[in-house]
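Only one structure is covered here, and it is reproduced in the block below.
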Amino acid sequence: MAARQRVAESLNAALATALADDPRLYLLGEDILDPYGGAFKVTRGLSTRFPRQVLGTPISEAGIVGLAGGLALAGDRAIVEIMFGDFATLAFDQVVNFAAKSVTMYGRRVPMPVVLRCPTGGNRGYGPTHSQSLQKHFVGVPSLAVYELTPYHDTTDLLRGILAAGEPAVLFEDKVLYTDWMRRDGAADDLFRYDVVGDWPGVARVRLDDAPPECIVVAPGGVADRALAAMRRLLLESEIVTELHVPARLYPVDLSPVLDGAGRAGRVLVVEDSTAGGTWGAEVAHTLHTELWGRLRRPVRLLHAADSVVPAAPHLERAVLPQDGSIAGAVEEMCHG
Amino acid sequence: MAARQRVAESLNAALATALADDPRLYLLGEDILDPYGGAFKVTRGLSTRFPRQVLGTPISEAGIVGLAGGLALAGDRAIVEIMFGDFATLAFDQVVNFAAKSVTMYGRRVPMPVVLRCPTGGNRGYGPTHSQSLQKHFVGVPSLAVYELTPYHDTTDLLRGILAAGEPAVLFEDKVLYTDWMRRDGAADDLFRYDVVGDWPGVARVRLDDAPPECIVVAPGGVADRALAAMRRLLLESEIVTELHVPARLYPVDLSPVLDGAGRAGRVLVVEDSTAGGTWGAEVAHTLHTELWGRLRRPVRLLHAADSVVPAAPHLERAVLPQDGSIAGAVEEMCHG
Amino acid sequence: MTEPTDADLRRLLLIRHFETALLDLFAAGRLAGTTHTCLGQEPVAVALADLLDERDFEFSNHRGHGHYLARFDDPAGLLAEIMGRAGGVCAGVGGSQHLLRGRFLSTGVQGESVPVAAGTALHLARTEPGKLACAHIGDGTWGAGAVYEALNLAVLWRLPLVVAVEHNGIAQSTPTAAQLAGTIAGRAAAFGAAYLHVADDDVAAMRDLVAGPLARVRDGAGPLVVEFATRRLGPHSKGDDARPPQQLAALREHDWYPRHARLCGERFARLDAEQRDRVAEVVAEVSARPPATPPAPSPAALSPSDNPAESPWQLVNA
Amino acid sequence: MTEPTDADLRRLLLIRHFETALLDLFAAGRLAGTTHTCLGQEPVAVALADLLDERDFEFSNHRGHGHYLARFDDPAGLLAEIMGRAGGVCAGVGGSQHLLRGRFLSTGVQGESVPVAAGTALHLARTEPGKLACAHIGDGTWGAGAVYEALNLAVLWRLPLVVAVEHNGIAQSTPTAAQLAGTIAGRAAAFGAAYLHVADDDVAAMRDLVAGPLARVRDGAGPLVVEFATRRLGPHSKGDDARPPQQLAALREHDWYPRHARLCGERFARLDAEQRDRVAEVVAEVSARPPATPPAPSPAALSPSDNPAESPWQLVNA
């Protein structure tokens, strides 16, 4: 039986597989070469194994995303590591106005397999310009898909699918998740089981066998661990049964696997690390309110980061981001409030 | 009695007033100097009247927004004309990671009066990279306000307030609206009246006297004319009474003036030019679903542009953007469907 | 100065009459949107076209009709695109500023295409040695940071990238002195890119100057910046010219059109009439076409295929 | 080489011991997040600090502790900020990379601050002639397009902007040769900016070299790029150095610290001990402080005040 894998290892392996499978695939980014192997060591070993395909670049976020677009246009594929997802803002024009637009603006479909990998999120004390969760700003660009790494979805399969779709994509990767364990064999932890349902890439459902949930928690991969910790607590301390749904693709998001459970539970909490306002959760909530009209017991509730920068000091940072406690608290309020 | 004013003239006058009132206010942008006077002629005459304050720049969107941030940091104020709002993507880092973040990331409030003026939207045949409505991508950045010009809100008052708030802001300006007439004396047209209610900058309510609406239409300024045309049609052809709510500030949006009418009508349609997915409307819908829980007859409905680039050919363009007909159709469906 | 060949003169005149026709159509209210004509800058397009290979990538900008026509001799496809009629090269979606055909592509955001061109150059260097990527930009586009990010990368990696600069002394309404500090030559030198200044606008002479440096790019010497001194005779877009009449008159005086008319006499008159008529016919023919039909909704290509290594799309000139 | 003054030596040593203490705290698990020490680069900060005025704007970057300490002599305020304790200069919100005090500001996104600095320079040129804005960047930051957009603007408008480049031969893990084509001197020249190379790292000699060009900036001559040849002795951030030990040893050999120790003998030993002790005390004192309290929720300043012309905020050194 294969050894347990951390999420970063699994991503490293997925990248290696993708590079080995397709000699036309490039991996570009700042400081990704060995021996350094990237700021988060996700690319460690890859430049040694695939020196022709793995290219270290200057500090030129817009330039290298443009370069990736050119490679894709010429029939290659490219993955760009943006060292901190916060800096994807520098490439926003290349993503929105070149890569995504080129897929359809020439009156026929132009494949554009470009993936921006964005290490994301806080809880690491890196401060306001290195801790953001900017998913929402990339949602709703025609022909641009948004994904987030999760510990429940096979990383190799996910990456292969993203590339094969032939559309530009942004893959958000929670930095804390990197050191977490990939789940397998259906076990989320010693209490909760999981399965992945729905069309590719699917929604992971984390739940108890045979205990119908009072509330469905919907969360992207980066929040999933905090949500699971909250669910344990709710179960053990308050005897509230909940179920977690983690979609790997945030946009376009396929909520059909969520609808049935959400409709039965009648309560849905969406948790995300984004700051308040125009969040991915609002999009999810709108779909659920519409699709489940008359079946919910109360409005979908959104729990997200405060309307605030992410402070550097760990205790201040913790207070603005959703944590186990605030998630559990929100569910309790919904169930007993 | 003062002569009628087009929206662009009113904006030009508002800019002149702001520049005259505050010698520390700068207006920066590409090709804004006389005799050219800007791509949409909104700045015509200003560089002649205020040569020290109005500065024409190279093609450097990120650079000039950064420059504006520096001016603000030093105690000045700055308005930047982004020639086409589509190019604000090039300044996304400066907006999100410098201007907005600086307001709070240093542990105390740092005033940052920087306004990006973004000519926006389609229906002019400019093609995919010159016709976008990117409002949603700027929603939900801490300390960043998002406004949109409307024919109902006094432009001078709006601009003064935006600058006085001391926070960075993006002001979207529909390009077709430029040639529209500013409304005054409470008359939206020969049938509909309007008033502006709520805290500054307020929500314009466009309605019939004494006829309770069956549906509330919420729309930003750029869509307001198309919405009004739809409302006339609904009234005259289908005897459906509707009421239009136009907030001048899209984020943070104050929906309290909308709640009462929306609750009574029980039907709300949000119309916007944004493409599908993660729209401003989803944020509005979530708030309304929550605040009006149990009072709506049906889910809030969103009408927006198709999930598509905006084509150049006028007939193709018209088909992807919300128009009078599609707005009227959506309301009819909601009322009789 | 040598007389241009028939072929070159035909192309110059085709572009001239095409662009003039566009302005007429606008004036007559028969065109919507925006259009940036290359009146006065035709020689750059024609000179370069013959030096480029079908498998070279070419990135054009907002002022790209001449580049397109010089490469493809397809006025009907371009006009249909600009007029939104059936048979447009991009089905009416792209319009004047967003063209794609084979390995020719234009975009409307200044500077954006230079890193993209560098990416295609990387592809070519690896898999089609001897081919190059050429990005056309104006003098004003040197304001954009993306140009420098791309140039730095291209020199570091010795990519076969040509930045063809049409220096017409103006950007929309802004004179170059108000938007460009230093020189373009200096900027190329700063990054260690090869640089060539072309002051002539005689097509054959231009080619003679450019051919050698271009061959060195193909041989793997790394990027080249070619700066063409040229003139914008028309408005930036449609009828927005605010330059004083004397300045425009001075520009027109040096234009290739009257010069070639003098030089080539009857041959010029004949080819001029030929191309004028050709464009008139194209305008009539395209104007009679039905509107472009909406493109089929793009398949939601969001599920993985089994073989990610197989690209569905090979870019060659159609 | 002349002996440094006590004041300069004190500042050099303060920064050295401060940065060393940070690495120790990290190693002991007493610091979270990230920190980029300027070990080896102290002379740049100290040399410049005396040439800058309280009303000059200074923009620092990720490697900014030295710049801050040289300007403010406030190790406790900085350490408290980095440790998230009470009394931090930015209340624990900014942390190591985001500092603001008076007209000193640092940010964590490379290149972003150069246009911002140009904006403050415009303000100064107009209202406080003789003052300047100084932006510190590294060699690697010349990859960022924003640098060029700013430089172009600054030269066009003759802004009093100094770009102080600390060329330490590396960017995070990337050697300069792999990220910078051409030279920094060439890049300054390309835009018509004045340029100065400073190879020395003797503080007094550095000041002698820089003083004249800086005075010309103050006199309205336009921007200056100063390139300091320097060395990064420590890891990029915390413990991430992948350079071979011989390379590090060679760098350490040329470090100012042993050189000054040899040169100044007993005086060095005394001041070294003094600053080492001072930092140790600061570490002890700050470590004993309570955590920073959350800043008051920012007022929703979204309703207009009556007098928009009155700025609530005058930036002077607090």
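By written order: A, B, C and D. Residues from 1 in each chain.
Throughout what follows, contacts are C-beta pairs under 8 Å (C-beta built on N, C-alpha and C of every residue); 3 or more make two chains touch, one makes a residue touch a chain.
Since this is a predicted model, take the numbers as computed values, not measurements.
Looking at chain A and chain B, the chains that touch each of them are C, D.
Chain centres here are means of the Cα atoms, and by that rule the chain farthest away from chain A is C.
Averaged Cα coordinates give chain B a centre that lies 35 Å from the centre of chain C.
Our note on geometry: chain B versus chain D, Cα centroid distance of 41 Å, whole angstroms. Annotation for chain B: residues 57-58, 60, 62-63, 86-87, 90, 93, 97, 104-105, 127-129, 252, 309, 311 touch two or more other chains.
Touching of two or more other chains is recorded for residues 88, 92-94, 98, 107, 109, 142-146, 149, 152, 156, 178-180 of chain C. Taken as a contact graph, with one node per protein chain and an edge wherever two chains touch, the assembly is complete, since every chain touches every other chain.
Residues of chain D touching chain A in their complex: 32-34, 81, 83-84, 88, 92-98, 107-111, 140-145, 171-174, 178-180, 240, 242, 291-292, 294. Residues 86-87, 89-90, 92-93, 96-97, 101, 104-105, 127-129, 134, 136-137, 139-142, 251-252, 274-283, 285-286, 289-290, 293, 298-300, 302, 307-309, 311 of chain A are the ones that touch chain B when the two sit in their complex. Interface residues of chain D, counted against chain B in their complex, comprise 57, 88-94, 98-100, 105, 107, 109, 112-124, 126, 133, 145-146, 149-150, 152-153, 156-157, 295, 298-305, 307-309, 311-315. Across the complex, chain C meets chain D through its residues 142-149, 151-152, 155-156, 178-183, 186-187, 189-193.
Chain A meets chain C in the complex at residues 18, 21-24, 26, 52, 55, 57-58, 60, 62-78, 93-94, 97-98, 102-111, 143, 145, 160-167, 199-200, 249, 252.
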